[in-house]
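Here come two complexes built around subunit A, the first alongside subunit B, the second alongside subunit C.
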Partner chain A sequence: MNTMTDADMTGGQVREITDFIAKYLSYMLGAGVHTSRVVRNSKRIGEALGVDVSVHTSQKTATLTVKEKGGTHMDTMVVDIPAFPISFEWNADLSALSWAAHDKAMTLDEIRAKFDSLVSKPGMNPVFVLFMVSLANASFCRLFGGDMLAMLVTFTATMIGFFTRQHLTKKKVNHYIVFIVSAFVASICASSSLALGIDTAEIALATSVLYLVPGVPLINGLIDITDGHIQIGISRLVNAFMLIVCIAIGMSLTLILVKDSLL
Partner chain B sequence: MKEIVWESIAGYNAATWPWQIALAAVAYFLAAVLFFRPCTWAKIAMKVFMVAVSLWIAFVYYMTFGSARDYSNIMTIFWCMMALTWIYDIATHFSSFQRSGRFTAAGIVILFLPLAYPLVSLARGMAFPEMATLLPSSVALFMLGMLMTFNRKINFFAFIFILHWSVIAISKIGAYDLPEDALLAAACIPSMAIFFIRSMNNLTKECKPSIKAVKALILSVTLALTACMVLVLV
Partner chain C sequence: MSLFIDILSDGLFAAVAAMGFGSISDPPLRAFPYIAILAALGHAARFCLMTLCGVDIVSASLVAAFIIGSGSVYFGKKVACPMTVLYIPALLPMVPGTYAYKTVFSLIMFFQEISSPTKGSGYLQEMIFNGAVSFSVLFMLAVGATVPVFLLRERANSMTRGSRFI
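After this line comes the complex of A and B, so read on.
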């Protein structure tokens, strides 16, 4: 099944496998994959390479122990989880890699080469994302009953908010501050529809910040808790809750400035 | 509401017309210096002028003369944010106010479109002081003209705010009987396509989807926005 059999595995080889699996799982967790899938995939790659893998995860770090099957060599490593943008592509590609490693009996070098090629794929074009997010929010506005003018206002208000977010993120500003500022900017721009007397102005105002809602951490948090990864599940939910509070702060600032009330 | 708006415009024009002429003179003087003898002081002076004229619209036009309008405080905040985009530009040199050699003619046409505002008002049979002069849309149009003429590296923050203002302007055409504002939307929507497509050409790292696909998306959105604006007007 594998070139690295139980008989000829050395401590150095176990260390190499540990290094790779640590990198693999940190990339998956960083890209927003739910924990049970990360653990399953890591174990599958370990299986393909002839080792047992045990993983403990938390919000910022992961600990893994790799043990030679039927042997005495083992290695433990604590790895930081990098903060990558949410990537469904990495989720799918890296999961497929674990199956390929298992089914095709790939060597560690082959798996590593494939992994490097997958994670070095070009990223999304920021202008493309800017336009798609603005279109998505304008569509939400329509779904909630907004008229044509409210949709246009939502489109441009989202564009301003999201561009602000992209710019501040690039400047490495704290992401809670990014959320507060982006929510404030988008909602204050959308509130201009109130001054225009648009019938559905409040729908434009409410939908202008929807692009900030942390959907993936919310879903992952729930999945993690239901799968038994309670600690990281709660961490992810708390993180998502903090982001929602930031959106609320940004929007509240707008409402207090514009309407002198939060309602 | 329409009557209140025009009364506030008339009051604003009657009280501030010498200031408006002075601001327009400074604007075109600085634009001419940047065009014929570009230098650092002129670039900074133009950005400072952009801040000043944005604050003028915020505090003089909206807060003082437009205070009778509903939610005029929102517009004050919006124009303060416009001023912030230019302050940020001064601090970070976001835009360079340099010509790229492309779209200069279109930029010059847009630059002079604000002067058409009072002419259109006169052609509609209106008389001073109840006419379109140095209003928010004409200021936004001047800013757009500057960005288009000197488009080597532009202030995208300011541009997206101007784009948002063009949507607001569209709604004012029918609501306040201000057809002059169609000039801003007509200039702004094609500018969106030009600026974003140019930003695609300047991309240094490989991205996906392909640049061709993103350009097609930008053009599609431009057409969709135009169609939506026409539908709003109809």
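After this line comes the complex of A and C, so read on.
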């Protein structure tokens, strides 16, 4: 156990711990980790530092109360959840950090230094992601019964669409608009397969926008609901549903242009 | 023989799809091989159930998700990744994306034909069909993959304990 528990903590120490745990949990929630894991990890770090942690989460903010074990000092804080891109790497690393803090009795400074080094690791190369996503959507086209040519069209359409999405996201355009535009761009590129007279053109068109489907928030939302965090689970599902509506709007623009019917 | 190739190629393409869609969400590189294996196993299992045994998409997804979830308990400890890091990307190829946007399409078409009672109600019916399928499949994917977590609480919640990767 940490030496901090032996002597009584000062209010300042409790405040410092609260600051760190607030940052830790806001980073995890922002990077799309499901709620029960975030709460569990935060409590574990609190345990290692000799405090009790209680967390209330909602979509954009989280509230936490940190209380000294067996003492009188406590601190409460409302923290904004930053909108990071989803990162499974952070999920794995920050969870491992909570165990390391627990098992190796790290001090607050050590944990903080490790945290800073973990969250400043570079992410995946965007060009590599672009290539992988295009390949994935082409395979998806195949799973739905598309032929080689349809796969090729889907690959190209996805590449253009996903590049648009990356570019617009970098320019900090509103994400609903990003989804509408990317879905439109990808599907209009895929509709070239109709003009080319490919047998499975419909499949290429239907799968070209699937790279946008927010699968991770959808599954996370349902995991939260099964874990009993029903409110935040529903918020995640509603958020994801809004994005699906945006995909449908973008794609319906294409369909009205090229086919004059949606279904 | 051709059936065998069908099953194999289904698994293979599902594996590529899982790695690709997963890469958007930045998984650790060490997790990729296991994401691929889990996705291939799960998707091929669903393919077999649906084409060979005539099981519906909802129940087949539940079984596939359970296979993926159980696999991630085993592999998670190996690469020190929380189970969700492995099973969420592996589930992505099974997320019912087409049903989801077709739900919205049927709603839009319903507005277009709102004055014609027969056509309008046809689209409304289609919307309920698509919506019900997409929600149920999604629900089953999440529940199927979480059941192993409920069964093996201790092990499932200490995947990253003693990780040598940080």
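Everything that follows uses one rule, which is that the second predicted complex is superposed on the first by the 262 of 263 C-alpha atoms of A that agree within 3 Å, B and C clash if a C-alpha of one lies under 4 Å from a C-alpha of the other, contacts with A are read in each partner's own complex, and residues count from 1 in each chain.
Heads up, the rule we're going with is that a residue touches a chain if its C-beta (ideal position, glycine included) is under 8 Å from a C-beta of that chain, and two chains touch if they have at least 3 such contacts.
Computed from a predicted model, the values in this text were never measured in an experiment.
Superposition note: with subunit A as the common reference, subunit B and subunit C can be accommodated side by side.
The larger set of touched subunit A residues comes from C, when the choice is between subunit B and subunit C. Of the two partner chains placed by the overlay, only subunit C lies in contact with A:V245; subunit B stays clear of it. Of the two partner chains, both subunit B and subunit C are touched by A:G123. Of the two partner chains, neither subunit B nor subunit C is touched by A:T61.
By the touch criterion defined above, A:T10 reaches neither subunit B nor subunit C.
In the superposition on chain A, no contact is made by A:T169 with either subunit B or subunit C.
Of the two partner chains placed by the overlay, neither subunit B nor subunit C lies in contact with A:T76. Touch criterion met: A:L135 reaches subunit B and subunit C at once. In the superposed model, A:L210 makes contact with subunit C only, not with subunit B.
In the superposed pair of complexes, A:A92 makes contact with subunit C only, with no contact to subunit B. Closest CA pair between subunit B and subunit C after superposition: 8 Å apart. Note: residues 123-124, 128, 132, 135 of subunit A belong to the subunit B contact set and to the subunit C contact set alike, using the contact criterion stated above.
By the touch criterion stated above, subunit A contacts subunit B in their complex at residues 121-128, 131-132, 135, 148-149, 151-153, 155-157, 159-160, 163-164, 167, 185, 188-189, 191-192, 194-198, 257-258. In the complex of the two chains, the subunit A residues touching subunit C come out as 32-34, 37, 40, 85-93, 95-100, 103, 114, 118, 123-124, 128-129, 132-137, 139-140, 142-144, 206-207, 209-211, 213, 215-216, 218-220, 222-223, 225-227, 244-245, 247-249, 251-252, 261-263. Looking at the complex, you find that subunit B touches subunit A at residues 1, 69-75, 77-78, 81, 156-157, 160-161, 163-164, 167-168, 170-172, 175, 196, 199-200, 203, 205-209, 211, 213-214, 217-218, 221, 225, 228-229, 231-232. Listing the residues of subunit C that touch subunit A in their complex gives 9-10, 13-14, 16-28, 31, 43, 80-82, 84-85, 88-89, 91-93, 95, 97-98, 100-102, 104-106, 108-109, 123, 126, 138-139, 141-143, 145-146, 157-163, 165-166.
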